[in-house]
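Note sheet for the following structure.
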Amino acid sequence: MMNPGLTPVFEPSIPQRNRRAAFWRLLFRLSTVVGIVFLFLLLVNIVNQSFGYVAMETRVDPATLAVNGVPLEELEKEDLIDVLQANVSAGKFRQLEREQPLAERSRDEIYALVWEDVVQPDIASTWLLTDSLFRQGAVRAEAAEKYPQAHLVFRSWLNASILQKPQSSEPLNAGVRTAILGSLWTIGITIFVAFPLGVGAAIYLEEYAVDNWVNRLLQTNINNLAGVPSIIYGMLGLAIFVRLLEPITSGAAFSLSDPTTANGRTILSAGLTLALLVLPLIIINAQEAIRAVPNSLRQASYGLGATRWQTIWHHVLPSAIPGILTGAILAISRAIGETAPLVVVGAATYITFDPSGPFSKFTTLPIQIYQWTARPQAEFRNLAAAAILVLLILLLSLNAFAIVLRNRYSKK
Amino acid sequence: MIANTPDPSAIQAQSLSVYYGDFRALKEVNLSIPQKKVTAIIGPSGCGKSTALRSFNRMNELVPTAHITGEILFMGQNIYASDVDPVEVRRRVGMVFQKPNPFPKSIYENVAWGARLNGFRGGVGHPSMDEWVEQCLHKAALWDEVKDKLHQSGLSLSGGQQQRLCIARAIAVKPEIILMDEPASALDPIATLKIEELMRELAEEYTIIVVTHNMQQAARVSDYTAFFTMDEDRAGILVEYGATNQIFTNPKDSRTEGYITGRYG
Amino acid sequence: MNPHSPREYFDRAQQKLLQRVLILGSMVEEAMREAMQALQQRDFTAARRIYVADQEINEQRYAIEMECITLIATQQPMARDARLLAAMLEIITELERIGDYAKGICKINLLMSEAPVDSTVMFNLKQMSEHGLGMLHRALGAFVSQDIAAARAIPLEDDAVDMLYNQVYRVLLAAMMAVPGSVDRSNHLIWAAHNLERMADRVINICERIVYVYTGEMKELDGSDGLQIEDNHG
């Protein structure tokens, strides 16, 4: 029973409580630091492989190609053609001439041909950026010892040519242009399909759907779909888009099919598969955004005699658009890095020509990276690292674009 | 009890009951609201006063489980009849809410939007949109404060100004009745008095029904006061309705007396 | 009242105020009783003391008035609370006025020559005062006990006081006509009688307020008007 005469005793033990608080604060700080350290290590690792010394061997020493004492790189176009003619087989020369008369080509093109077909550089070995910077002497000694004929040059694997060149089995000639275009096409289709579908579904679920078991089931399924492994979506895409809808996804139904492919393993299938994959993500985020629009805004609108659609269009969507775009950003990020479902859907691992439309064969950046890392030659790992940087930059710029878009809307 | 006032009626509830699902929130209310007067609805929390207010412009229907029995007669017509569109009801019976809720648009757009929505047409002999916006802001006693920043966001205003903007927005669609759901409960005392003063002025042109749990406010602004309370089954009932000076000096019902003297009868 | 009232502080403040009104009432009763006694015994010392003591009554009245206004300003009384505080303001004014009548009677006492008052007149005046004081006492009792029936009944007794007043008036008028030298003295005694008659009227006003507080109806409760003479002899 309560005894009102008793006085309570307090033992504040404030230092002890503060110590405990400090412990937890330290723990949280530590976990943040650990996360950042890992991210940093990842980035360092990638950058480390993207730049560094390479030992470049050439079949023909460019110094021997000097004409009348003028080094190769300073030669005029005509002299370069002579050098080319002197050093390649007659058949090869005729073939080049057939592709495009050499006289019509620019000096730089000829120079590139000389390098490719005459000098024929090859990479004997590569070093990491850290070694190249901090153990320069050792690197030089090692190179001089193991590859006496090789030049030691500092190479940035991330360069303009990697962006311009298609896939190649020669590391020096390999690039990611095809993959970037494939990625952009795929993402474009994904967003084009998933964004309106997802936002539409979110509007229905939030603004129209009444609370009954059908809609609850729908909602639960959407939430669960967001957690389904992406490979499952790949299987789904394979079954539906590649096989079942082949006439459509191959473009055959529109007589637009790519002559190089006669099946549904196209950009369209990939884009649709990724659209399925990110749809729950977009729906859930858009739902959150729509739910976050204060009800008072809707009531104000209804109170003035607005219909449901007018309320949604004029007030709910404009207020929700920043949140919806945030969802879209997440979806893009997810889709652009996705590999597994595309492998299942049938992305080509080795492809040298650019996609020309939604019905083309394709590859994407992550697939190309995956493929490169699986190659035995060390140089491809450097290429893969550079491609990862390209992927990161692409991802960040797409995100930046969406963020700019979002900020513009939320300012209004 | 049919509660009546000597003034001509603007809107009339007849054996109005409101249900949320199985729960009856309001029971058999008969209430005749006089034209161009301020009528206050007071009562303890959960007595259904907001429910009653919202049934006057069918805002209750935004709650999916809500339904009503009885009638609400507005200009002789039952607003719950099947051929009446709630959109039209809400145009003619406007509403101001507890928390100021201007649209995240410019001050001008806040006022103009509802008018445009309802097919506002300027023209010879009629105000243009600019003139109408100015007129509404004048009536809401806000014009002088905002005339130089009509294109700034409505959210940049102070709370009291925002609420007056909401009033301007409400009158911009030319309603006959304005419902106010605790319009000053989120405001400081001076802003509150400004709103109350405004209600007095607006009553010259509009019928105003205000829900408040500030009894002094009801006493200050209203011509008539309706006191609601909860029945044993937690349903809201109308206990007493009459001239405000009578309700606050000499209420007839002991429950009213208990409530307004702060002793809960 | 409800012990768990959310307005316990206000209730207590009102109760305290009611107590102070009652104290003021008994101060006034006391003053009137002593004033009559001093008149009967022609006790100038007592009369002077009572005359001066009226100041205390006035001060008490102003203090109660301030408290009432404070409660009105801070507690926002509604309905019966509002009526109670407004009635208190009215009642203390009436009580203070009755106090002034007692003071007036002491003044008359001091102005008249030392000879005793004619016994018939004194008897009638004494009766008037006792009647009036009884009405006042019961009215204050009705105020505390919320006895509306009593508050309605008390004013009916005013007729008896009016009758006594008319009687005293006629006797003193006759005396003035018979003995011209007695005009001054008789006139003073008519004033005293008049004060006593007005006291009963004030009690009626108090009863009207009591009925208003507890029922909300504001109505004159005068039985008959009796003789209407404007007073300002306080």
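Order of writing sets the labels: A, B and C. Residues in every chain begin at 1.
As a working rule, contacts are C-beta pairs under 8 Å (C-beta built on N, C-alpha and C of every residue); 3 or more make two chains touch, one makes a residue touch a chain.
Every value quoted in this text rests on a predicted model; they were computed, and no experiment measured them.
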Greatest separation from chain C - chain, by CA centre: A
Chain with minimal offset from the mean of all protein Cα atoms: B
Euclidean distance of C-alpha centroids - chain A vs chain C, Å: 100
Chain centre separation (chain A, chain B; CA means) in Å: 56
Whole-Å separation of chain centres (CA-atom averages), chain B against chain C: 51
Residue ranges of chain B touching chain A (in the complex, touch as defined): 57, 59, 62, 64, 87-88, 90-91, 94-95, 97, 99, 101-104, 113-114, 117-118, 166, 169-170, 173
Footprint of chain B on chain A - complex, ascending: 210-211, 294, 296-307, 310, 314-315, 318-319, 412
Parts of chain C lying in touch with chain B, wherever the complex brings them together: 1-2, 5-7, 10, 76-83, 216
Chain C-facing residues of chain B, complex: 215-216, 219, 248-251, 256-257, 260-264
